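Right after this note come the structures.
Note that chain A is present in both complexes that follow, paired respectively with chain B and with chain C.
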Partner chain A sequence: MAGWPENPRLISTSIPRVDGLAKASGRAKYPSDERPKGMLYGVMLYSPHAHAKIKAIDVEPAKKMPGVKAVKVLMNAGATLRYHGEDIAAVAAETEEQARDAVRAIKIEYEVLPHCVTEEQALAEGAPEIVTGGGIANNRRAARGQTKGDPEAAIAKADAVIEGIYSVPVINHVCLEPHGLCASVGDGKAVAWASTQSVMATANELASAVNLAFSEVTVLTEVMGGGFGSKFGAELWGKTAAQLSKETGRPVAIFLDRAQEQLAGGNRPSATGKIKMAGMKDGSITAVVGECYGTGGITSGFDVIIPYIYSGVPNTSNTNTSVFVNAANQRAWRAPRHPQSCALTESALDDLADKLGVNPFDIRMKNLPGGNLQEVYAEEMKIGAKLIGWDRWKPRSQAAAVRGPIVTGMGMALHTWGGGGSPGNQVTCVINPDGSVEVRSATQDIGTGARTVLAIIAAEILGLEVADISSRIGNSTYPRGQGSGGSTTTPSMAPPAFDAVSKARDELFKRVAGAFDAQPGDLSLAKGQLLVKGEAKASWKDACRKLGTMPVSVTPEGRDGNAMRELTSTGVGGCQFAEVQVDRETGVVKVKKLVAVQDSGLILDMLTWKSQVYGGVIMGINGALFEERVMDPVSGRCLNADMELYKLAGATDIPEIIIEPYHTEAMRKRGVIGIGEPPTISTMAAIGNAVANAVGVRVPHFPMSPMNVLSALMAKA
Partner chain B sequence: MKAFEFAGPTTPELAVQALAGKAGAEALGGGTDLVNRMKDYVSSPSRIVYLKDIAGFRHTDATPTGLTIGAGITLANLLADPVVAKDYPGLRQAALEVGTPQIRAMATVGGNLLQRPRCWYYRSGFGLLAMKDGKSMVRAGDNRYHAIFMTEGDALFVAPSSLAIPLIALGATATIQGGEGKRTIPVERLYQVPKPGMERELTIKAEEVLLSITVPPAKGKNASYEARWKQSHDWPLALCSVNLTMDGEAVSDARIILGAVAPVPLRSSAAEDSIKGKAINMTTADVAAAAAVSTAKPLSMNKYKVNLTKTVIKRALMSAAGKHYWEA
Partner chain C sequence: MPDQEPQNRGHNRRDFLRGSGLAAAGAVLGGQATAAYEEAKADLIAEQGAKVVSGEVEITLKINGENKAVKVEPRCTLLDTLRDRLEITGPKRVCDRASCGACTVIIDGEAVYSCTTLAITCQGKTIETVEGFDTGPKGVPHAFHQHDGLMCGYCTPGFVTACKNFLDKNKGKEVTLEDVKKGLDGNICRCGTYIGVFEAALAAAKAMK
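Right, the complex of A and B next:
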């Protein structure tokens, strides 16, 4: 099997996404826009308490409310609720307003239990134990340690040692479209329009929820409004919608309201690290010790990698303690554990560089990890430095000399990610006698451009335009496709698309060669023409007409791991640079410019690739400047489960963003690698370092809010 | 949201009747606060009285005795008003920073003045004073956005209106229609500090309608400065408006009002006294700012707001003097 074309016509050019106009104009119909005939509105009732036992629950008043068709209890008397936002019951009614009124009519008697919602509360002496079992005691899972070399000895011999406490708070996914689905169950079949990152996983879970065979369930995700790692299954609310549909014989939609979306729709674990880092005057890092803890809520853990990136440091020690609190469990959040690991390591590294009097650029160059990414990092750093104007960088001590409140600074950080594909996925390619072409697979486009990329591959191979291809995904009944997570979608789906379209072309050649008095091997395709021995003989449509009434339809077996490596690879670097302006009298940070230099093997569509990087950087800017889930130690409730006090950037908060693909011949030869996660990882760290550079003092806690910046400046003064 | 009756009166008298006619009635202007409170079940009015159809409610009138602004004027229209732009830069600046263009297109001057606090305990349904077992949840909880002045009391939220601050600085009055006719009070008297047994931060009665605001003719210099986290849609962390009467280079009279730092708009006579008779420069502005915060008693998490308050006072004064020293 041949590899990617040597001189592609479409691949690596900038091609607008095929559904871009529909999305931008509002014509695209999202799962939460679906209103099948007779649809009922489902609303969840969730816990107002952080920790409580249900003593009694009475749904009869809700059943008597106008418009109510069904009520389902999910937590019975005796059940323990473990966080504000945990599901208790659901109502399906004729209108959304009726359903909302009805859930409020459900009568519940609670026994409110003591809670721990902040890490401080959970770690306090004598704190109530909110989770037990599974190696958890005192609301924490014992530290797991990894030690290499002799950190203490290296620290004793170092030219400089820094020690600091750095932290990143819990933040939410904040999907623009909330979690949920609309299900229609009846006649032994189910159809669901789901906002999901995996139509197949969702179909599987729905099938068991309503006791149907997988083959009788169709999950549709034509487009969807963001998941970022938080939308991989049907979930309790989705299964409940399907069950309520089965019970009522009417379609039922349950999508979370914004408050519950913030409370239970997904969050990223916090991370606090006491980091000690030692180095020599030549810029070499000799030891890193990280004692870290963080919380992933009530059920899930926390993990970071210290040191991040700099795996060549000879003496290291890293212990991680998971803290459990009364809050919804964490979910995979775009590059799980990497942004936190990056922020803790890269902050400490800049503090060490400052103490050693070494340029942050030089200390990174000096300590790059070995292996095949070393040269990639080195080249990317040089490109990024030029784009941000790193020659203007000045040490932190310059801040004291600046008159007036406004100071500027620059910072940088590195990151890494895998982004390889999974074997075994399949694509069907159909070439119809009228010349129309379809590719089909049960993957989905979560806003990344997956649909467009499949069309580009088909158009490239068939000598057609992207608009000539119908790219059909987001349907669980199609051949097995990849779940959209971990930057795996494109590298998983590009090889089976390549295979299906190549084999469909070969089959076409075999079937029409005779009509042109030629052998299949004499045929080729270019610019919408069929060529025989290099000479145009028929238009694409005329060539396809020779198929008669039988289309070509092929669904090749999925590739195994070895075969995947012919077209894809894994492992990327990447670096980002930030320039910020800080007002020392208000603590307000404005990012002026952000530079992202990124490799990811062969880039299939430069435009959707850049969109991914823009999106990642903007998410990183939000984490750096604004986002924090605030839990109330007194009531145990989340205080900012809304879009007003959970802060996110608006258009005027977004700086100039410069994206530079590192797309050399050597990178293109690596084949396809995913781009979803990498560009969001180091943005926070780069901005935090730029703020430290600007104000001359480390702001140890993210976000870089007026509160945190002014507090750091006050602590120094 | 609870089902409600709807009334659309066309005169102030009918509006008062409609509000008085049912317990739990509330007035609706642009709806940017009330509708959200209803959706969150923080407020569940039995009757909505829509005010925007009242004759004259949406007009401004410039006369020699001042500028009268109908309470139903949207912030967008206020910003477009040439008199406001020319004579009241402090009012214009404060209005410009409210919400988003979409919100300013709907939100009214009256609604901005009479909106309910943004305190996250109040908005979570714990009430204005957020007491639990006789203790303040705010004091023991997350009070990063709360008051730094008057914190000995039980009301720890901050008054939310951005327009009240410049209007009070400018000496504006509010005209209110009640069952027994109209009354006019200084804008600062729209507000009171609630306490247990009197959990109401507004003085206007349930059946009364705020009709208009009258701003006296401008003299001297006025300016506002707001410290905010985001450049896009956000609330002030601290806000200051000043109105200065000048005698040559020296300040002969001053009104210095602070927002987002106390349960009511706060006038700082200490800052005013310190600047009187002096020219405005970095030194005198610093002294005024320090004088203002000498009585601040921050809560457990908001000491940073003391620094912010100093900054907004200094910058409002310097802005009035035309010296935008913080602009890089």
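Right, the complex of A and C next:
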């Protein structure tokens, strides 16, 4: 089986996304924009309490409200609500305003129960037990640990040892399009326009929710407004919309309001680590001990890898304890557990470097993990150091000598991710007699450029332009496609696209060769022409016309794991450098410059690849400077379930960002690897290290907000 | 102490209520505020012959050059009216509280958050939405497409609208990166496409010259 073309015409160039103009002109229809005839508006009623029992619920007043067509109770009397934002009931009405009125008319008597909404509350002596069973006691699941070598002995012999407590708070996904779907159920069929990262998983869940065969359910996701790991299924609200549609015989749309989106639409587990790190004067790390805990809300899901990256450290020990609080369940969040693991490890490492008097660049170079990424990291670090101007780096002690409130500093961090493809996915390629070409699969584009990448592959193989290809995805009835998580979409879908288009081309050659008095092996395609023995004989369209009335349509078998490796790979490095400016009087941190050097095998579209990396970095800046879910320990409610007090970067917060693809011949030969997660991992750690370098003291708690910066400066003074 | 509010000095609660859409305010107020609301209502009726409306009323909105009749409740926001009652779904509902700019439309030449603008206050005004913009090579949408100033694209109509309004207001001027950042600071993107957005805005500024 042939591999990717040696000298591609389109692959690795910068190609604008095929659905870009539709999105930029407001013409793209998102699931939340669909208004099928007769559609009812569904509104969810959710818990105002962190922890409460429903003593009585009366929906009769809601049913009598104007415009109301159906009311569905999801939590009956006796049910326990476990977090602010948990679903209780839903109303479908002619207008959204009427549905909201009806939700307000539902009468509920609560028995408010004691809550724990922060880790401090949950871990306190005598705290109310909010989750029991499954090995959970005192609101925690007993620590799971791993030890390698003899950390205590190594610490005793080390030239320097640091110990610190570092933490990253719970943050929210903040998908701009809220979770939800519009469902139309009737006549033994269901259609749903869903804002999802997996049309197939959503179709499966909806089928069982309305008791239909999977084959009778169609889930459509032409475009969708962001998921970041939080949108994989139909969810209770989506199933409810489908059930309300079945009951009323009308399409029903339920999309969460912004408050519930923030409360229940997804969050990333926190992480707090007591980290002890030991090293020698030559810069080698000899021991790392981590005692870590974090919360995934009402479910488990906290987990960190300590030490992150530096797998060659001979003596390590790490224990992870999941803490349970009255908050919505965590969801996968762009690079699950990596940003937290990176922040904890890389912060401690810079503190150790400072104590040893070693340059942070040198200590990383000295302790790089072995294996095939070692050289990649080393090269990327050299490139990044040059781009940020690391030769200007000064030790933390410089801060004391600076007069006035403004100080600057530099920091760096490394990261890793898999990003390999999953086997078994399929693509259909259709070449029509009029020359139009379609590729189809039940995957979806969550904003990454997945749709464009399929068109690029097809155009490359067929000697056409990207605009000549119809890339049809986001439909659960198409051949099996990848769910969009873990940076797996492109590496999973590129091989089946390559196979389908290659086989469709071969089939075309077989069927039209006779018309050109040639053998199929004599034919080739280039620049929109059919060539016979290298000589242009017909335009693409004229060649396709020889098909007569029947198109070419092929859907090759999905590849197995071994065959996937011919076109894809897994495992990337990457490093980022930050330069910051801190006002020591106000605690305000400004990122001045950010450098990201990233490998990801063969890059298919340089333009959308760069957008992904910029986006990852900016998401990391958000985590470093702004984001934090704030829970009120007294009321148990979330205090910033909106976009006013839950802070995200705006245009004037964006620094100079330099993206450098590490795209050498050796990297291109690795084949396709996903890019979604890697570039967002180490940004937070790099910025945290730059802040420590600037102010001369570690700010141990993210985000690097004025409060946390000033608290660290006060603690030092 | 509301009863000691200085009179005739800047805004008072009655003025505020009069300016913020009486009917909508009345729906959510209670206690002393209700009394102030009733007073403000009486004032308006007496002074201006204003009509207090409730329930659905038909109004006409001029959107992208077309007069459109639509039934709204007084509390309906312009955004929800556009999306739910007129199926003009380019402007998006994201924060619903004037924080993120995804709902941006242009009213009488000014970029406005339609999520916090009542539809009934837009009668007689000129409303432009992203759907009405030139999609050709000189238009802002084209620049966003070419410079990949979008990923999931849900914030994009708002950014494109804010960008067009900003560039229209700065026609003939040399627009810098700093100007663009300030001009677009009322919008939020979660995917982090700002770099592409800045490039698109600068390119669109050139194309408009």
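Quick note on the criterion: the second predicted complex is superposed on the first by the 717 of 717 C-alpha atoms of A that agree within 3 Å, B and C clash if a C-alpha of one lies under 4 Å from a C-alpha of the other, contacts with A are read in each partner's own complex, and residues count from 1 in each chain.
The rule is short, and it goes like this: contacts are C-beta pairs under 8 Å (C-beta built on N, C-alpha and C of every residue); 3 or more make two chains touch, one makes a residue touch a chain.
Worth saying up front: this structure is predicted, and the values here are computed from it rather than measured.
After superposition onto chain A, the modelled positions of chain B and chain C overlap sterically. In the superposed pair of complexes, A:E97 makes contact with chain B and with chain C alike. Once the two complexes are overlaid on the shared chain, A:S705 sits against chain B while remaining clear of chain C.
In the superposition on chain A, contact is made by A:T608 with chain C only, not with chain B. More residues of chain A are in touch with C than with the other of chain B and chain C. In the superposition on chain A, contact is made by A:Q581 with chain B only, not with chain C.
In the superposition on chain A, A:P405 contacts chain B only, with no contact to chain C. In the superposition on chain A, A:M714 makes contact with chain B only, not with chain C. Looking at the shared chain after the overlay, A:G650 reaches both chain B and chain C.
Of the two partner chains, chain C is the only one that A:E177 touches; chain B does not reach it. Once the complexes are superposed on chain A, the part of chain B occupying the same space as chain C corresponds, among 41-49, 113-121 or 131-139, to 41-49. Common to the chain B-facing and chain C-facing surfaces of chain A are residues 97, 644, 649-652.
Taken together, the chain C residues at the contact with chain A in this complex read 73, 75-76, 80, 83-84, 87, 89-97, 99-100, 102, 129-131, 133, 135, 140-142, 144-146, 148-157, 160, 180-182, 184-198. Per the touch definition, chain A reaches chain C in the complex via residues 16-17, 19-21, 23-30, 32-33, 35, 41, 95-97, 174-177, 223-226, 228, 257-258, 446-449, 607-608, 610-612, 614-619, 622, 642-644, 648-652, 654, 657.
Partner chain B is touched in their complex by these residues of chain A: 97, 100-101, 104, 259, 404-406, 408, 581, 583, 585-588, 590, 626, 630-635, 637, 639-640, 644-645, 647, 649-653, 705-707, 710-711, 714.
On the chain B side of its complex with chain A, the touching residues are 1-2, 40-41, 100, 118, 120-121, 124, 126, 132, 137, 140-142, 144, 227-235, 237, 301-304, 307-308, 310-311, 314-315, 325-328.
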